[in-house]
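Two complexes follow with chain A in common, the first pairing it with chain B and the second with chain C.
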Partner chain A sequence: MREKIEERFQISPFLALYAIVSMQIGIGVLGFQRIISMEAGYDAWISVLLSGISIHAIVWMMYKICETAEGDAVTANLFAYGSMIGKGVSFLFILYFIILSVAILRGYIEVIQVWVFPELSVWGFAAVFLVLVIYIIYGGFRTVVGIAFFGLVLPAYLLLVFGFAFRYSDFTNLLPILDHTPIQLLKSSFHMSLTYMGFEVLLFIYPYIKKPEQSKKWVHFGVIITTVFYTAIAVITFAYFSEKLLQKSIWATLDMWKIVNMPFVERFEYIGIANWVLIILPNVCLCIWSASRIMKQIFPLRQRKAVIIIAIVCLIIVGLLDTRQQVNMFMDLTGKIGFILNYLYVPFLFVSVLIARKVKKK
Partner chain B sequence: MKLAMSSLLIVSIMMLAGCVEKEVIDDVNIAMGLGYDLEGDEVLGTAMIPVYKAESIENFIFSSKGKISRELIFRMRHKSGQPIVTGSLEIAFFGDKLAKKGIVAFIDAFQRDPSIGSRVYLAVVDGTAQEVLKGSYGNRGNADYFSGLFQHNEEQGNLPLTNIHQFLFDYYQQGQDPFLPLLKKRKDLVEITGLAVFKDQNMVEVVTADEMFYFKLINDKFSRGTVRTEIDSDEVIVRNIRSQHKMELSGRNPWEFTVHITVNGTIQEYSGKFMGPKEVKKVQKALEKQIEEESLKLITRMQEYKVDPFGFGHFAKTRTRGFDFKKWKSDYPNAKFEVKANVIIKEVGIVE
Partner chain C sequence: MGNFFKRTTKPKLKDKQTPGAKEKQSSSQSLSSENWETALSKSNDFKKMHYISQKSGRPFTIVFISSLVDDSIINEFILPGLLTGNFDEAADVKKLVPAADVQLSSDPKDIETKLLSGYVMLTVGENTNELVFIAAKKQINRSISPPEVEFSVIGPKEAFVESIDQNLYLIRKRLPIKELVVENLQVGKLSKTHIAILYIDHLVDRTNVQTVVQRIKDIEFDEISDSSYIVQMISDNENSPFPQLLDSERPDRISAVLAEGKVAILVDGSPHALVGPTTLAEFYSSFEDYYLNWLISVFFRLIRFFSVIFSLLVTPVYVAVLSYHYELIPKDLLGTLITSRRVVPFPPILEALILELTIELLREAGARLPTKVGQTIGIVGGIVIGTASVEAGLTSNVLLIIIALAALASFTTPIYRMGNTIRLLRFPFLLMAELWGLVGILIGFAFLLTHLLRLTSLGRPYLEPMYPPRISDFRDAIVRLSFKKQSKRPQFLRTENTTRFSKKKGEQKKDIDE
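Let's look at the complex of A and B:
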């Protein structure tokens, strides 16, 4: 349908794994355990698995959409709904990616403010961070995926740190298994799906993957990795905290690092938090890149200008969120919008694209 | 464009570098230990601060009165030449009067403060926390003395695994009650005299130092320690290298629990003449009987006080769907317990 992206801008199929996994792992890891255990208690790890499995279905639909429309979600929207509505719907995606990057960035700044520097200026930090993001995006999509690769590989050592919690863990906390109703498990799966979010960038990076057919297995494999990762973290956390204690801990993952004891570092959380910037960076980069790419497609605008506009909008919204309540509300909102996009809009688009194809064939 | 970008980046980083709070280690008083005592209506707080001298570490004490933990600290600041920080806190002691009244309100400050670790040792003092913190124990400083005292007794001695995380874990665990080590000041040293067992957040009962071995056997996942037993009126000291315990739910109405304890030990000292295979067997039998009797005594005594430091309630919950903790509360005093010990003497030392 559209002109093909030049090969020198495209990425190898297996790199799609890094883009998806690094999008899925973000600020949510630091505190999802409390939220999922609110409904399903310590059976919530089952919900983590459940929503992990549901993602495979969505990813499958995303591939079908892109294959049928021969392009990204913008093409698919235009293909299914025509120029006007198609552009309007795509515009909503720009807003979504802006909101998502604001939520990630502000969430991270909040962690720094609570744990390390209470006086850190939100504006200042966000400004420097966004300049870095713009710089990376100017390097092209390949650079962005490169950052996603490093954002995943470099902080991977943090996983080892959870080993310190084992001595103080009691895995009988998880027993008896399935002591909650299916409704509770589903509610908890809903909360978990918010932490899993981010894989919707697949809809927009699709044209940039060299042989998209081959990337399928990598993307599904990536989703399996995140599912296993989140399930493992949930199980360790549930063993380490008693249920009511976990309910008091806003950032359970960081709380677990408090038990870490190494001769050369008294308090490990500070190192962990500083390292987390590497995990946040590709998240924001990919979000803003996707937003700017959509903008380029639906407005007569160069992508370079679009990136700057989006970064400025992000900076303004980040600065407006002031207290814990506001940040929390904003994150909740982001989660809900993301849920609607992934679990309602994507299937809807899937069906529309199929119908549109049938109609157009005639 | 690139040049403009990078210079903008560099300038903003330089401007940002100076705008957050700094704490230079030479310009602060590092509170390594905190103590809380009940004095009338108010609480007397004590902060133990090391003063580093060329030869040794000396101990300096700040104290103030107030209602809650953080208030005490900011009142102490009124007296100190440098700000008092708690980022390196290692120990926190509570006087026994305060412990009987409840201590969770004070621990909240530790929990809420991101700068305080989860390895802080908490303990109850038989007497006042201030007198314990005031002393001076060796050249390496009080903080080192106290954390060493807990650490090696936890790892090799009879003290069960304990720290602030463990306390909070037990406190918030349904069907389990927390405990803390109990200290007493003896002339110029401090002794671990047992454990203070809490009901909810109030200290109600004491486990003596002799009972601590059995307490640790039932409480810790794996434990070590040393125990004395007798065969034919000869004394034997057995060192427990590694033990495990397993709980079993043997009945539900009334609740019946069987605790299986396996101890792998070596003989450290024997006052008799010859330690042959026959004697080893005797030691195993004697020790098994002793562990079974003493542990059961300990469990039933805890049961009489309606405290559950071993988490039988939690264990029952893990084996029962839709467990009712309210009912458990009234059922617990009627529960039945049995202890089965299995002692394996692996070695007898390097002489027979």
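Let's look at the complex of A and C:
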């Protein structure tokens, strides 16, 4: 069953951190603050921490699944449910990764349209972007992770920009702490988990990690980094905006960058939006890479062709999403499917794999 | 030399009798002993002389190509010994001729190659099976001159020349160890270019050597003029504008990288040696960095990296900002920009393209003209055209400053080949900036990044140590730390011996007042 990936295509264990973190940080950073504060108000930063902790449990399960099945989730599905159902379930993952990459790409185009180029052609931009993605994936998994690495390291300077918001921040906004019910906090955690989404690629990149055992600590460390990152941004945002004002800003992060004022540049959000290309690029790449890899495994198809097919499907769906409402609905839907996959299907698969192993041992 | 019988045979034209000879020769495959003489005797510098030794009375013949052979060697070392000495057969000649390289052979296949590489062939009597080859190569060499492309203020002032023997000497002199291996290969159907592959045994990764040897052996080409032919032929990706092997004219640099565990390639007739595997960062290190204090060289390297990014992106950013994102510019600065652009009739992209192309024109004209005229063109063109176009209102003076700075920044690249790449890359960025503003520049940058990520040099990642990230290799990449810290060889070379010197000794610290 186990198909061994050659070492020269594999990545070092610590690079798994970059793959996971760059997947988790994406288009959501620009505007998650409003959504999480809808339920839990300015206690929402606690929800950010809570859902961050829940991810560790899911990641732990993912590793157990892959270790038991000695391969990625496709192998695990086959291992647990047999050929027919296993392949069918894996096929659903292809669909999920397609709609996830569409949501990311279309969401980004929406930001560009609202902030920079109202007339931007969705088709044209998506086509160029997907050509770039195909070019990256053709370079192999190492190139994909390379993009994830640079997509995290190069735009890191944007963190400094938040410093400008400090001058206008009032951290007493956060008080009183724990002013909301646990139910509200949990609801807010649910919303937050949509922003955290993306770490499910771990299920598919697993066979490409050299010594996966060692990568565990890196992936967990990566999840901690993301949690701290989102919590910090949530806290800064809450200190910067008043609660009512925040409810009115869809992209709070971009609004905060407006305050930047240097002798040679102001209105930093334009630079931020342009830089976001580098941040969403690894998201789309890893999604389409995973989808094409699953396709290769369950259909007799070369990955080169699979990538092109998936890219074309993505392009068509992106082009069909026309209005703001459609985009919003699509992103909500994607988030919900992602939640089901991560928090319901992964534990389910985890249990099934354990049972399957017991049965097979007998 | 008077009383001996001398006769020069006129080259016999056998062409008409054997019409097939010409075709055989053009196919240039192994010519039979008859054919080499026919083919060579068409040239006037082919000489065949018959002599009779005075002591033993044996007749002998020498054959050589006069333009390749040093006359004085024949006159002073070969003929006197033979004419006065006593010998019966070819094997005896070795004792009589005071030359280091005297070879006996009975293989007629050798004749052609030996004659054409400057040997004198000697046969005794009528016996044409026993051949003696005596090296009498004419040595015409340019004297060693200071490096012009990779000039350095401090450090050795010798550069490679066109002769491979001299270049090998320059390297051997710096690495007098038995482990320095020189492997010879010959490439080119017509040019028969000698190529030497150098590496230090027990240190280099054998797979790198094998890759180089294999790729050079696989070359199918007729005429190799320079090492730059080889670079293009053995590159991992021929369609990349980025050079994938470092070329250097400095023997000090080549010996230093050999000691690091890299492979060097010398090509006869080329004053540039090649080095692989290499990385992008290496192209931005000048060898003078090692001759300066590490703090200063770190500063210079950072300046160079900054200037590449600046030179690549500044004009596209200008175009993007002025075309689409003028909100980015603070109010005070906007005033300056508006004043400078008030009378310019063109959109920013056209303005930028005109000026960029002017600069490229000046550069190209300066490079093609003789040095003295080139300088004049540069000054006249730069100042006159620049000032005039601003005064005429065709371009804004802010852009003129930006473009001049960008051109200046592109000259800081120590390796000329890489500078050219940067020159070319600016134009796609300009077009992307015109298309989608800053977002376009970032998309273009992502394409460039992907290209670099996919690029390899002899199978090793080109972006190392940035990706795959290897912190320890940063000590000699974007920065150069002090020699004390350089106790290990670069990781990506996978050298057999990773230690350059004992780290303990290097890092020993003394206590205060000790």
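Note that in this section the second predicted complex is superposed on the first by the 362 of 362 C-alpha atoms of A that agree within 3 Å, B and C clash if a C-alpha of one lies under 4 Å from a C-alpha of the other, contacts with A are read in each partner's own complex, and residues count from 1 in each chain.
The rule we apply is simple: a contact is a pair of C-beta atoms (placed from the backbone, for glycine too) under 8 Å apart; a residue touches a chain by one contact, two chains touch by 3 or more.
What you are looking at is a predicted structure, and each value in this text was computed from that prediction instead of being measured.
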item	value
Partner chain(s) touched by A:128 [first = chain B, second = chain C, both, neither]	both
Touching partner for A:267 - first (chain B), second (chain C), both, neither	both
Touching partner for A:168 - first (chain B), second (chain C), both, neither	first
Chain B versus chain C as contact partner of A:117, first or second or both or neither	both
Contacts of A:104 with chain B and chain C, given as first, second, both or neither	neither
Which of chain B and chain C A:176 touches, first, second, both or neither	first
First (chain B), second (chain C), both or neither touched by A:259	first
Partner chain in contact with A:233 - chain B first, chain C second, else both or neither	neither
On chain A, the residue positions that both chain B and chain C contact, one per complex	116-117, 120, 125, 128, 132, 135, 261, 266-267
In the complex, chain B residues that touch chain A	5-6, 8-9, 12-13, 15-16, 19-21, 87-88, 111, 114-119, 161, 165-166, 168-174, 176, 221, 314-315, 317-322
Chain A residues within the chain B interface of the complex	114-121, 124-125, 127-128, 131-132, 134-135, 138, 167-168, 170, 172-173, 175-176, 179, 241-245, 248, 254-255, 258-259, 261, 266-267, 269
Residues of chain A defined as touching chain C within the complex	11-12, 15, 112, 116-117, 120, 125, 128-129, 132, 135-136, 139, 142-143, 146-147, 149-150, 261-267, 270-271, 273-275, 277-278, 281
Partner chain A, residues of chain C touching it in the complex	324-325, 327-330, 332-333, 436-439, 441-443, 445-447, 449-450, 453-454, 463, 467-469
